[in-house]
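Each of the next two complexes has chain A plus one other chain: chain B in the first, chain C in the second.
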Partner chain A sequence: MTAAARAAGVRTRALRLDPRAKLTMLAVANVLMFLHAGPAAQSLAVVLFSLPLLFGGKAAAGVRMLAVYGVLCAVEWASALGVDRLPWLHIAGATAAGVCMMMPCLTAGMAMFATTRPGDMVCAMRRMRAPDALVIPVVVMMRFFPTIRHDYRLIRQSLRLRGFAGGGMALARHPLRSLEYILVPLLMNAANVARDLTVAGLARGLGAPGEPTSMVELRMRAVDWLAVALSLAPLAVAAVTG
Partner chain B sequence: MTQQSALPTAQDAKRRLAVPDYINIGVFSALYFMIVALCALASNIAFGVAGNLLLPAFAALLAGPVFMLLNARVRAFGAITTMGVVLGLFLFVFGHFATSLVTGIAFPLLGDLVARLGAYRNKAALLGGYVLFSFGCAGPILPIWLMKGAYIASLERKGKDSAYIASLFDHVNMATFAGAMLAIVVGALAGGVFGLVLLRRHFAKAGVTQ
Partner chain C sequence: MDSTALCTLRDCTFAYSGEGAALRNVTLHVRAGELVMLVGPSGCGKTTATRLVNGLAPRHFTGTLTGHACTGGLEASRAPLESHARVVGSVFQNPKTQYFHARSTDELAFPCENAGMPAPQIRERVRQVAARFGIADLLDRAIVNLSGGQQQRFAVASAAVLEPAVMVLDEPTSNLDTASMARLHGMIAALKADGVAIVIAEHRLAWCADLVDRYCVFDGGELLGTYTAREFEALPATQREAWGLRALDVSEDRARIAALARAPHTSHGEGTPVLGTRGLEVGYRKRALFRRGVEFSLRIPDVDVYGGQIVGIMGRNGAGKSTFARTLCGLQAPLAGTVELGGESARASALSRAAALVMQDVHYQLFAESVRAEVMLETVQAGGELAAAREQCDALLGELDLLDVADRHPMSLSGGQKQRLAIAVALMGKKRFVVLDEPTSGLDRAHMMQVGALLRELADRGVAVLVITHDDELAAHWCDRILALD
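After this line comes the complex of A and B, so read on.
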């Protein structure tokens, strides 16, 4: 079902909200968590914030967030029933209630992370007048994550080739040595990549004065404003129910 | 906006950060973020939700070489702060509580100031800066102390007695808080020394440092 949903999402132009709308959701989720919002506001927030995932071509992730929330609520409810007889159920109840409290934040974060393309994110940051000191490191980071994973695999392979067991056991037996063998090549390569990226970036006018043009055009459409308005609803519910 | 704190302060340093520095910061922040993410995964698998308490200490233990090499390559005010801010932003966007943004700005800024006292070359200043910087990663664990409030509220909503759980948490709270903070200091000292040793043994000779 998930593969079909994803394919359908791609074909029928999945809904892509403006990153700023999703940022509003994150802010609302944080306020809810700070205020210890009641179950009504909390569950409404989780459902609303999973909508960008469900309609944005990441239905599997959205369903997973909702399912986790459902299980947590069930655990909390069940442990509250038996807690008078079995005090240790407090541990399960407190854990479930605590993670429930974080679920609006985690769902909004997942929506932000899974449905936002790097280009959109950068455009939104520039539009919000973030300084170069912030935008450039973020761009470089997103570009560099896949490289780290690739390098790490190559390092493990070459360690194995030279007869150092690359498994978790070796890491546990010689933590310091294994760490050194993995970190030093990673850092060495990071330094080289930084140099190459600097040359490539400067050649393309990175950090040149004036506002850079963008491949992505971001506009707050009607859908985005609707999303902003909807994401404020849990706050209203929290204000009413206390 | 709070993020801009990285820029104006950079102007007081003898050297202003430029584009190559930003790229260095980005590359090393990516490594740092990967280490934090791996530590979060590992400590969550090993200890459950409570494992988050040890996350900053684990991260501090492993990320020393990253921090030291970044400083060896930039040696200017603003690099440590920017790395902390960028990490805080990423944590926030990944759905952590806004406290991760606050600690991600405040503690790295302090660490930057301390490391600056030694002109980013004095080892003691760098170590002190790293210990302070490591507290910047403590933001994601602060909500654990908010959890108590959430659970008590939920018990009261169901009409249960919450006195027992409140007293239980009071005992756990101070001890675990002190323990978690002490673990960060110990982890950061060990990780920082390890970083300095690696720097001398591998990177200084290879000319990777500035």
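After this line comes the complex of A and C, so read on.
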């Protein structure tokens, strides 16, 4: 089987949720964070919101999200056990708890951006009557995330050739310097890429009046409504457990 | 006025907001089935002319337009930009920053989706356009994994998917190899045969010279003259060079490159080579959840590179030239074999200390707040002797023609100045070899020759220079040897 055929196969088997279902998840995740939802609602949300990743052809990302959440929970739990003897563990516990609180949002956001075609996003947002001033930046941003990783790698490589370590240790030892050396080129390049992408998008009719369509018909199917219903479950749990 | 023209600029003067006129009193027209090539040195106004044709100026790139710019019945100053998208297809210079989607099929569907076409019709149109341009085998692939040449073919196909009456291409071949340019030629020929009016702004002339009907020569925002293809070819080559244009015919250059590539790659100079490869295989491994294995690999013939030499590394888009360069610089582990430094097998860290890399996007490698601080960065961080270093730095900046801009921010420099700054940094760091990645893409003839002279100067200081390039003219004029990776 050729690589192309395999890729195509993966694609047809992958779960493809309507972007509006995923937007619902993102909204619920934000409400949970706002409400400081308890551990039951939080863990349920992380597991539920990683499902679009696990079944949408991004299993590795889904597993990574769950693993990070698992480690954070373990750190929180372990520091709670040992905090009487080692008071400084409190810092680790508090940090872990803080990041845990953001995990539903991060997972839902990841699911949103990693498994949605930009075209579908345009189509869904237009159906929701979102204005162009919102649609175009969101679509450019979606295209934009993967390039940041690529840029970051290039910058670290050139730092290494200049004799500066660009890795995590250097970041810890000289946080300000590393941040400056990495962020300035990253932002400069980001500005250039964003300009080029905007031009390319406009020239392909992005932002044209009238309702855009999607190559694959976009509508809320049973599975999408099911996803919306499920994504509300953590809210119910939060309401019950307080 | 020519009533049959699909695309007309009549007495157009355009100034970007807050700047002087980028285009002055330009008149040109393109009829159905005609190909008009806009040529001239960098900054001559040809890109601005393409923007008037596809409506990006003055709608997106705002400014003041006087005169009459009309494409397919749409006035650039009146019609909204979105309506231009159906009439004009646009292709830009950089293949990497003009696709929106992760999958190639989605990219072709994108203009149709924006135009509100029903889904079955979109699928049919995508299939048709892929078949017509011979890219059906590239459908449903991740665009990131396509080579620059393949990406550019998708950019042309996606610009043509709505069957526009006019196509505008702004330096489409800047990043392309010979084979990709030949493929692009085929696509342009098909569009021309279908009666599309085509406008191309380019430095490189050879790849589609047989299709051009008229050449419009620009300089300093003015249209110096319009020549039919026959008149243009009859001009003396020195006249075209004086306008900053690339060669119309690169067959001699290619013959020289082929001869250089046939020469033996080892034992080719005096003394010990700076850099050598033995049984080297470069590539990268797959990174997925449960799969391991080699995703891409390339065998490199054994090569020795001596100080003072310029070695061109050529090969098609996606052949693995950049992977090879990263391996030489110690940024990536080889799959097999060794890289030797001064005749001895070297570890990655030793290679990184000896190497400088001048990237195609130079702005990834400039970090300081001024040109002088950039050159002094390592010395300052290492706590070295500042006064002596500053003297040496200013001497270098003087030699590289950067002393006037020594106090400016590196990001405010022109592309060529940034390149020279990266080279000043390499010289300051006493690097033993310098790898340059496509230093002449998108440059006119004068700037290309400047880069060539700079490479020679670098080599004359005893540095081994390796240059990754698709540029036949750079390779034929300036390289001592060619390593063809195919």
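The definition used in the following text is that the second predicted complex is superposed on the first by the 150 of 242 C-alpha atoms of A that agree within 3 Å, B and C clash if a C-alpha of one lies under 4 Å from a C-alpha of the other, contacts with A are read in each partner's own complex, and residues count from 1 in each chain.
Everything below uses one rule, namely that a residue touches a chain if its C-beta (ideal position, glycine included) is under 8 Å from a C-beta of that chain, and two chains touch if they have at least 3 such contacts.
It should be emphasised that the depicted structure is a prediction, and the values quoted were computed from it without experimental measurement.
A.B. asks: Figure out whether A:180 sits in contact with chain B (first) or chain C (second), or with both, or with neither.
C.D. replies: Both chain B and chain C are touched by A:180.
A.B. asks: Quick one: is A:197 in contact with chain B, with chain C, with both, or with neither? Answer first, second, both or neither.
C.D. replies: After superposition on chain A, A:197 lies in contact with both partners, chain B and chain C.
A.B. asks: Of the two partner chains, chain B (first) and chain C (second), which one does A:101 touch, if any: first, second, both, or neither?
C.D. replies: So A:101 only meets chain B here.
A.B. asks: One more residue to check, A:60. First (chain B), second (chain C), both or neither?
C.D. replies: Touch partner of A:60: chain C, not chain B.
A.B. asks: Would you sort A:151 into first (chain B), second (chain C), both or neither based on which partner it touches?
C.D. replies: Second partner only.
A.B. asks: Going by the contact rule set out at the top, does A:93 touch chain B (first), chain C (second), both, or neither?
C.D. replies: The answer is first: A:93 touches chain B but not chain C.
A.B. asks: Quick check on the superposed pair: does A:237 touch chain B, chain C, both, or neither? Answer first, second, both or neither.
C.D. replies: The answer is neither, since A:237 touches no partner chain.
A.B. asks: Regarding the shared-chain residue A:211, is it in contact with chain B (first), chain C (second), both, or neither?
C.D. replies: Only chain C is touched by A:211; chain B is not.
A.B. asks: For A:17, using the defined touch cut-off, is the partner it touches chain B, chain C, both, or neither? Pick first, second, both or neither.
C.D. replies: After superposition on chain A, A:17 lies in contact with neither partner.
A.B. asks: Is there a shared patch on chain A that both chain B and chain C touch, and which residues make it up?
C.D. replies: Shared contact residues on chain A (touching chain B in one complex, chain C in the other): 139, 143, 180, 184, 188, 193, 197-198, 201-202, 206-207.
A.B. asks: Considering only the defined contacts, which chain B positions touch chain A in the complex?
C.D. replies: 1, 3-4, 6-7, 10, 17-20, 22-31, 33-34, 48-49, 62, 65-66, 69, 73, 78, 82-83, 85-86, 89-90, 92-98, 143-144, 146-151, 153-155, 157-158, 160, 164-165, 168, 194, 198, 202-203, 206, 208
A.B. asks: Tell me, which parts of chain A touch chain C in their complex?
C.D. replies: Residues 4, 7-8, 11, 59-60, 63, 117-119, 122-123, 139, 143, 146, 151, 154-155, 157-164, 180-181, 184-185, 188-189, 192-193, 196-217 of chain A touch chain C in their complex.
A.B. asks: Looking at the complex, which residues from chain C come into contact with chain A?
C.D. replies: 54, 56, 60, 80-86, 88-90, 92, 94, 97-103, 105-106, 109-119, 122-123, 126, 137, 140-142, 144, 158-159, 162, 288-289, 326, 329, 331, 352-353, 355-357, 359, 361, 363-367, 377-378, 381-382, 411, 425, 429
A.B. asks: Under the stated contact criterion, what part of chain A meets chain B in this complex?
C.D. replies: Its residues touching chain B are 26, 29-30, 33-34, 36, 38-39, 76, 80, 83-84, 87, 90, 93-95, 97-102, 105-110, 112-113, 128-134, 136-141, 143-145, 148, 176, 179-180, 183-184, 186-188, 190-191, 193-194, 197-198, 201-202, 206-207.
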